[in-house]
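Look for chain A in each of the two complexes below; its partner is chain B in the first and chain C in the second.
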Partner chain A sequence: MMKALREAAAKLLQEKRAVLVIGYADRKGRPAVFVSKPEDCGRLVYDSSCRQNLAAYLGKPELRARLPVAVVAPPAVLRSLVVLTAESQIPAGQVLALAVDHDAFLGVFDAAGAAELLRSKFPDLGPEKALLERVAELSKKSAAERAAFWAEEFAKCTRCYACRAACPGCYCSRCIVEKNAPQWVSTAALGHGNYTWNVMRAFHQSGRCTLCGACEAACPQGLPLMVLNAVLDREALAEFDARPGYDPEGKPVIGSWSAEDDHSYMR
Partner chain B sequence: MKTIAIDRLPDLAQALSKAGYRVVAPVDEGGVVRLREWTKGLALALDAVPVNSVKDVLFPRSEVVARFALEESGGFTPAPLERSAPKTVVLCARPCDAAALSALDAVFNWDYRDGSYNARRAATTVVSLACFKADEHCFCTSVNGAPDGTAGADALLRPADGGKKLVFEALSDKGRQLEAMVSDGQAVPDAPAALKRRFDSAAVGRWLASNFESPFWKEAALACLGCGACAYACPVCHCFDLQDESDKKECRRLRNWDSCGFGLFTLHASGHNPRPDQSARWRQRVTHKFSIYPQKFKTFACTGCGRCARLCQAGMAIAETCERIEALGR
Partner chain C sequence: MKTETSAVPAATAFEPRITAFVCNWCTYAGADLAGTSRLQYAPNMRIIKLPCTGRIDPLFVLKAFEDGADAVLVSGCHPGDCHYTSGNYHARRRWTLFRKLLALTGIGDDRLFFSWVSAAEGQKFADLVNDVTAKVRQAGPFRAANPGRRA
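Up next is the complex of A and B:
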């Protein structure tokens, strides 16, 4: 599998279909590695310990200046690439996916191809069992207990915004948490400001999150951010049939409006 | 000789608590070891370097530094500010945490004597625990530190008798005030963790001073996603942002941690940003720690604790950058 991935990456660089390959490095922690020479593709690797969502780098100006790129992409990252395409964040034809899954290299795809691959081979990607169990565990608590649980968790947040940086969906050039005219969210890494920040971050991902887990993995404080994401994923699916990352032309729930939407809450 | 059995540490914490100290100690909270206020019943987690450092005790992540009462007429009057500086013992800090204190003292007393910081510093006693093991991210020996270093600490707990006991060594008047709470005994100190020096920090500083425009930075910072995790976990990083937040009655001036890793950190109101990309920001981080700071304060702004690399998901490791820089300078 590794051989096929490395050969495909080298071929893309040789044929100039990509000037840069963003992949996982063959070293502990599997951090990102950036390969621009075909002979360096031996540094690329993929296994289950790869935690970053490399699509997050597509929002970084230095890398956007080096298009076209190819990104090593397990299914959740493929979905992110499709979401970014649907949200017009990827210049057409400038990003290719080197699709991988567990121990298989699945080929080179553009956004449309990636969506097709996902629909045929991974049609029902959702929260993993362990995550659903965490959600179920929390759901057993009363509203007051849940509020206390989140208050305790959010109190640990230092507002380093590692969750935001790790997420491909967080690409705003100026995040609302940094706007101060007017100031929507308290900047203090305390109490209600932390609560607002964390809930708002999750809400902005509803119907867009691909459940890759990069935000939670990046949180130095170990906040259970994926529980928030999973609940919002469930709600967006139930209410709006949101299946982010399967249609490069699909409109994101949070960025669209329909007359058929339920408006009964407006009184 | 003063000794304590390692499993009696909670008793020492309790004795300190009874003596009127707030005790801050490493506690495992769901897999994350964090320095936090110790309360009776909590076990001390000694195996991992905590995710936060002693910095949090002296320079909290958010602090109100001024208050103003707002009047309906549009005017305001400064309101009194309560400063909180409780008598505190940090129990089982790391030598790399204590070593950071001289760097923090220098900057918080440089052109302005910072009242909040100095009040807390005066009220805080730091008891370090010598490291009996080091992981692949530790590099204190590359920045003039040691796994059993005493710099900045008021007392040192040194593992002894094969990790069963700790020898208490008072290093300052504050440390000596705690001696009475530890009993006399005998123990043979263990060898501290062996940690090979990874790079020559002085050589790194020399290269940095004359390679501001090196193409090295463009490649070195490609993986950095520009969050503040490394700066916030760092025992020395001390940059802050001032923000005024108000409701109808009151305005609070907040001092929040800030990070040179954020693009917003140097963004001018005009839209110009003198550090326009992540390579300029990573260069700043490394240069400040290993060149600017030593020139100004005669100490590195890095103690080799390795927290930044340990938690960075993107694999940015400052020791590795320094190793590469040392190689470039040869």
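Up next is the complex of A and C:
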């Protein structure tokens, strides 16, 4: 599998279909590696310890100056590439996916091909069972207990914004948390700013999150960020049939509407 | 002038502070109608008028809670009646997801209210404010239970 991945990457570079391959490095922690020479493709690996979502680099201006690129992409990252395409964040034909899954190399795909692959081979990617159990467990608690739980969790946040940096969906050049005239979100690592930041970060991913888990993996304080993402994913699916990352021409959930949307909670 | 005879509430009595984000064209006009119709309603609501419910960023709601609101009401034009055609439809999608997210963090239906009130529904507005105020009064002060309270 590793051999097939490396050969395919080297071929893309040789044929100039990509000037850069973003992959996982054969080092502890599986950090990102940027390969631009075919002979360096031996540095690429993929296994279950690869937690980063490499599509996050596609929003960087430095990288946008070096297109076309290829990205090593397990299924969740493939979804991110499709979401970014749907949101017009990827110039057409400039990003290729080196699709991988567990111990298989699946081939080279553009966004449309990646969506096709996802629909045929991974039609039901959603929150993992363990994650849904975490949501269910928290939902069973009273409102006061839930508030106390999050107050305690968010108190650990140091506002390093690693969650934001790790997320391909967080590509705004100017984030709400950096707006300071007026300042909407306090940047002090205290209760109120931490709550607002973490809730708004999750909310801005509603209907767009591909549940790759990169934010939670990147959090140095171990905040259960995926619980927030999972509840939004569940509701967006239930209410609006949102399946982000399966249609490169799909409309975003927030930003489109239907007259038939439920509003039974409205008085 | 009539002399005030009703008992003044004790200084310790809880008076809910409720922030209302309303649109200019329907709910604000409805509140105006309630006023010009001389309808009496609870004085606990602080109204913030915006051009459209579509302008109400969920961040506003969090800011209100952070700054000490015991509850938040969001209200705008009935579906189909938006002055800008679709602002309330866009807003509705946001609220549908946002309220679930807030509920998971402990801010539930007793703190966050949504309604449609048209410019002709002065009575509905007055009843709504009374009803929301009564519910929040029952729920009690929010500060201690607020997961995003000021440190």
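The rule we apply is simple: the second predicted complex is superposed on the first by the 258 of 267 C-alpha atoms of A that agree within 3 Å, B and C clash if a C-alpha of one lies under 4 Å from a C-alpha of the other, contacts with A are read in each partner's own complex, and residues count from 1 in each chain.
One rule holds for everything that comes next: contacts are C-beta pairs under 8 Å (C-beta built on N, C-alpha and C of every residue); 3 or more make two chains touch, one makes a residue touch a chain.
Computed from a predicted model, the values in this text were never measured in an experiment.
Considered on the superposed chain A, chain B and chain C are sterically compatible, since they fit side by side.
By the document's definition of touching, of the two partners only chain B reaches A:214; chain C does not. Judged by the touch definition given at the top, the superposed model places A:39 against neither chain B nor chain C. Look at A:200: by the touch rule set out above, it reaches chain C but stays clear of chain B. Look at A:124: by the touch rule set out above, it reaches neither chain B nor chain C. In the superposition on chain A, A:184 makes contact with chain C only, not with chain B.
If you stand at the C-alpha centre of chain A, chain B and chain C are 90 degrees apart, rounded to the nearest 10.
In the superposed pair of complexes, A:15 makes contact with neither chain B nor chain C.
Contact with chain C, but none with chain B, is seen for A:231 once the two complexes are overlaid on the shared chain. Superposition on the common chain A brings chain B within a closest Cα-Cα distance of 8 Å of chain C.
In the superposition on chain A, the residues of chain A touched by chain B in one structure and by chain C in the other are 190. If you check the complex, the residues on chain A that touch chain C are 135, 138-139, 143-151, 154, 176, 184-185, 190-192, 194-196, 199-200, 202-203, 206-207, 227-228, 231-232, 235-236, 239-240, 253-259, 261-263, 265-267. Looking at the complex, you find that chain B touches chain A at residues 29-32, 34, 51-52, 61-62, 136, 218-219, 221-223, 225-229, 231-233, 241, 243, 245, 254, 256-257, 259, 262, 264, 277-279, 311-316. Listing the residues of chain C that touch chain A in their complex gives 58-59, 62-63, 66, 79-80, 86, 89-90, 92-110, 113-116, 128, 145-151.
Remark: chain A residues 25, 27-34, 51-52, 56-57, 60-63, 156, 158-162, 164-166, 178, 180, 183, 186-190, 214, 217-218, 220-222 touch chain B in the complex.
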